[in-house]
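Next up: the structures, one after another.
Same chain, two partners: chain A is paired with chain B first, then with chain C.
Entry: the complex of A and B
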């Protein structure tokens, strides 16, 4: 980028200099022309080296931490996954693909993938609700910023707090049961104690918690649609419903598609709500809970690493599909 | 509805507007009904918890979840939660980690963005790709290996572990900074350079002040994320309380004392509520900027 700047600098410089109130002395244009790092013109070797090092000095902190806390663990994950390491032993025995074979054949491990399906189903509900409210709140509505705030706020609440709020709600004889009793449903199930229901309860909590994020993203996308389009449609006598299908939906198709694919990755890596609320009991353990318990409670770091690698590969695949289907470009509305 | 409208249509063209008006009134009613329903679904679970937190133990045992507390100013549970639950320790630790990680993230992030946006150098593409790929790795999965690293560095059970992790894993912040930096005209840098400023001075005196809006966004979004972080604190700082883990511990000693647990939960939610009310607009903006990336 700065390759282009040295040539442009002298021409721009006077105009820019007069603009800010900086009153430092002009030290000569030669330096300015040579200022870009890419300019090779006759500087001593030491200076050139310093020039070449400068960007790395600025980058060192961020790149250092990136390599240390993202890439180093990720590489180690692959290495641990082909060993039988327990996390403490000094020697790690190489076991080939045994751990991977176990991930795919042990029904205890593989079953947790089914749990993801509850959250995946719930994310459809979440998106539908978010889309509905984003649409109606993008047209003039009384108290709209009040409702926006209320819909969005749960997303900001601490996960442990959300967990407790819903533990309280789902208690036998608790809030939910009382509300149901008003409607004549006197014999409610054990919301968190019944293995057939627990995942629906937890997925419902997840909908409550995350709808606000989808809502805000959809709302932002809808508001970026040029307003004249609605006005033109209104003049043509289009109903709100027609406006939704003809203008809003195509206008935000990309972010909806993106949300669907993020929902896949998201439902595979669900962790906080079930961990806090049930600890994975009653068949509510998700893939991540199972992985972390395998690593830290059962000290099978090798096996847990293989599980993490499997999840990582699935997420990478999903992201790759997302990039292929929804390349990074602006939506064309014309 | 249509049956009632049909006869009028014959008389005058204005009959159509009645039908339309009827339809739009019912649409409006449905719209507001759904909004009110959503507000109830959102607020109800929180309000019943507030009710519970203001009840005394015997009162809680005897009353249903929707019974209002007898004394709205009974803060005993809050005192119990705060002292026995060691919430102060949680707030202090969270505050320290929050402050240090935010300062670190802002400096490392803006410096990296400055280098990536303003310099042409060998390896730049590679660094960009490394940052890009890193966004795809879900943090919670690599904890299995990250834990070994933290342990190997001798940082297990220290606040430094959390600070380093929060600083080291924030790639979204760097993206926001790069995006924002691209909108700052390069001619400003050049003008400063003509004035004899070196790169560091330009970063410090020109770029950093101009990045203020992006920094505010990152501080808010990241601040909320750190305040809400649970697992990293749970795993790496077991012997000290972080605000989430302090609250999580309530599950043990307070077991069925829901009035105390409720008070603790409210205590954790209040700062979020205040931050939200004060910073609404920036929070929305930051999230849309950060999440779509």
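Entry: the complex of A and C
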């Protein structure tokens, strides 16, 4: 920061020439330097220095934490992914791209992506339910705050608790079977034990848990639409259905687009619900569960890191393709 | 403003120092800090027995220990997911002074643990040494030992009309079929959902063929899932029992804590577990209003020339951390706790001290004429070979994943049959043998 004072110009260069030359590279330097010469004996130099440093100091905390806890571990992950580390040894041998080669050649690793399709399909149901209720509850409905609360509530529950609750729900003779028996369905399937049903049960649990989040996003977006539009539409005699298609849907298209990105990224990296409820058994293992098993059950942290990196790249790629195919259109309601 | 900014810098710097402090530190290289040094200082014991930390059992041990060694302060830390958490914790230098050796390769012992001496010098005093020994150096002493076999409910077996304990797979299936037909009990409970109980039957490796070198035999067999081997008998027993419908109807919703009560009260007839489970089952039986005498223990249903064998093996091995600041105190604690504390007697485990008697819980085995056997140390250079192949082939011999698949196939929930799955396992095993050797 010695550039801030004119005296800091290199001794061999004339100060008059060097100051503007530098200012082109470092915006703001010149102004400060000029201020310094224009008001000699003004504010103390240290104070000015601190004043200019302030924004950087504010930034440094957040950026520092981000670098320390996000980017540094991510870099470490890349490093692990090119070693044969077993997760505990003090030496890590460099093996180049062997791990990546294994990720792409071992069919057992990529097979589990089929499981993600269940969650992807379920995310459509999730968004439809959320959109339906968000639309209804954005109009003045009886007990609307109460229903809003009920719909958002599942999202507030810890994922582990949700897992356990549904574990009891799905047990043979558990809550779900009891309720079905009231309606005369005496012979329910094994919700988790049947390999054809287990992933739907788990995806259903996931829908129950995350609908609240979509709901709140949609509700917020719908409520940001100016109220006059509805009034005008009503004066023109538009039905609720027409209002939905002409005002609400285009008005919240961005949020729906965002939810889609989250849904795809989310269904590729499903973890906690299947992990807690089945531990990935019975064909319900997702890619993240398999990565975890590779790292800690089979002690191949190098390979698992490569899997994690590949998942990261896939998620980025999917998001990028989606953005390219459906660009962020400017919403215009007028 | 300036002062606040400066305060910010100071704070950040302090945080940085604190963080880097975590990475460094951990003395332990002083000359007088050896296991033969003066027994004093503070030691932290990291343990998987969270129940004994909570109910004060360990605290009572510490008080007793202090009568002999008053200059040592012992503190305890229980970790619920011990195996998983220690794996990340070992990458720091701060993992307590006394630990149970987690799942690391024998060749890695010296990176983390203090050598305790020549294995040969311990052989006259302690059992179960091979697991914590590498190239003739001993790194740990087992905290207690178990016999492996099957925990069962005697009353249910009687009601079902099983008069003789099974000694072959066919007899086993016939006995469980009787239980299925004549009682309401689930003949065999797999504990599939919790996973780890599925792994317990693997500890019978060696008992089937009376082969004390079983781990190395298996590591050097390119097709271990072939009729006549230990692992084939162990996995086949599970497969056939599930395939015959003699296990719980929905394995995905099993519950370990509940299963203890159910075995105690006779809703479950048998589980393949180590003898450590007996005392827990007896407690559960009494809690559930049944009798502790109902709980029995039998050897794995296999015999060699008319004799049944049961493998006894050590639990976690207690070891001194390389980074300990009070190695002598830590070593003194280990020696004291395995022989003086009364832990093995209370828990019904086999004491690692050779001179001590077998626990009462295993009396049933000796009455049946079952012979106890120990697994030999692996030959030099082949320690951990079986683990390396298991890791490379992703067949988790000591974990539940491949056995859950086995159960899935057996109950018709996954594609394939016994032959195709065992063939696949053999193929993966052989490929990894070549990998590890090359």
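Heads up, the rule we're going with is that the second predicted complex is superposed on the first by the 259 of 334 C-alpha atoms of A that agree within 3 Å, B and C clash if a C-alpha of one lies under 4 Å from a C-alpha of the other, contacts with A are read in each partner's own complex, and residues count from 1 in each chain.
Quick note on the criterion: contacts are C-beta pairs under 8 Å (C-beta built on N, C-alpha and C of every residue); 3 or more make two chains touch, one makes a residue touch a chain.
All values reported here derive from a predicted model rather than from experimental measurement.
K.L.:
So, A:120: does it touch chain B (first), chain C (second), both, or neither?
P.N.:
neither
K.L.:
Is A:132 contacted by the first partner chain B, the second partner chain C, both or neither?
P.N.:
The answer is first: A:132 touches chain B but not chain C.
K.L.:
In the superposed arrangement, does A:296 touch chain B (first), chain C (second), both or neither?
P.N.:
Both partners.
K.L.:
Counting touched residues of chain A, say whether chain B or chain C comes out ahead.
P.N.:
Counted on chain A, the partner with more touching residues turns out to be B.
K.L.:
So in the superposed three-chain picture, is A:281 touching just chain B, just chain C, both, or none of them (first/second/both/neither)?
P.N.:
second
K.L.:
Just chain B (first), just chain C (second), both, or neither: which does A:217 touch?
P.N.:
Touch partner of A:217: chain B, not chain C.
K.L.:
Touch check for A:61: first (chain B), second (chain C), both, or neither?
P.N.:
Both partners, chain B and chain C.
K.L.:
Figure out whether A:193 sits in contact with chain B (first) or chain C (second), or with both, or with neither.
P.N.:
second
K.L.:
With both complexes superposed on chain A, which partner does A:153 reach: first (chain B), second (chain C), both or neither?
P.N.:
first
K.L.:
After lining up the shared chain so the two structures overlap, which partner does A:110 touch, if you call chain B first and chain C second: first, second, both or neither?
P.N.:
In the superposed model, A:110 contacts neither chain B nor chain C.
K.L.:
Where on chain A do the contacts with chain B and the contacts with chain C coincide?
P.N.:
After superposing on chain A, chain A residues 54, 58, 61, 68, 87, 171, 174, 296 contact both chain B and chain C.
K.L.:
Considering only the defined contacts, which chain B positions touch chain A in the complex?
P.N.:
Residues 27, 31-32, 34-35, 38-39, 41-46, 48-49, 52, 64-66, 107-109, 111-112, 114-121, 124, 127, 130-131, 134, 136-138, 140-149, 164-165, 167-169, 171, 174, 186-188, 190-196, 199, 203, 224, 227-228, 230-231, 235, 243-245, 247-248, 250, 258, 261-262, 264-265, 268-269, 272-273, 275-276, 280, 283-284, 287-288, 291-292 of chain B touch chain A in their complex.
K.L.:
Under the definition above, what is the set of chain A residues touching chain B in their complex?
P.N.:
1-3, 5, 9, 12-13, 16-17, 19-20, 22, 24-27, 29, 31-32, 35-38, 52, 54-56, 58-59, 61-63, 65-74, 76-77, 80, 87, 129, 132-133, 136-137, 141-142, 145, 147, 149-154, 156-161, 164-166, 168-169, 171, 174-175, 178, 208, 213, 216-217, 220, 240, 255, 258, 265, 269, 271-272, 275-276, 288, 291-292, 295-296, 301, 304-305, 308, 311-312, 315-316, 319
K.L.:
Quick one: in the complex, what on chain C touches chain A?
P.N.:
It comes out as residues 1-2, 5-6, 8-9, 12, 19, 84, 87-88, 90-91, 103-105, 108, 111, 192-193, 195, 249-253, 390-392, 394, 396, 399-401, 404, 408, 413-414.
K.L.:
Show me the residue ranges of chain A that touch chain C in the complex, using the header's touch definition.
P.N.:
Its residues touching chain C are 46-47, 50-51, 53-54, 57-58, 60-61, 64, 68, 86-90, 108, 167, 170-172, 174, 190, 192-195, 198, 278-283, 293-294, 296-300.
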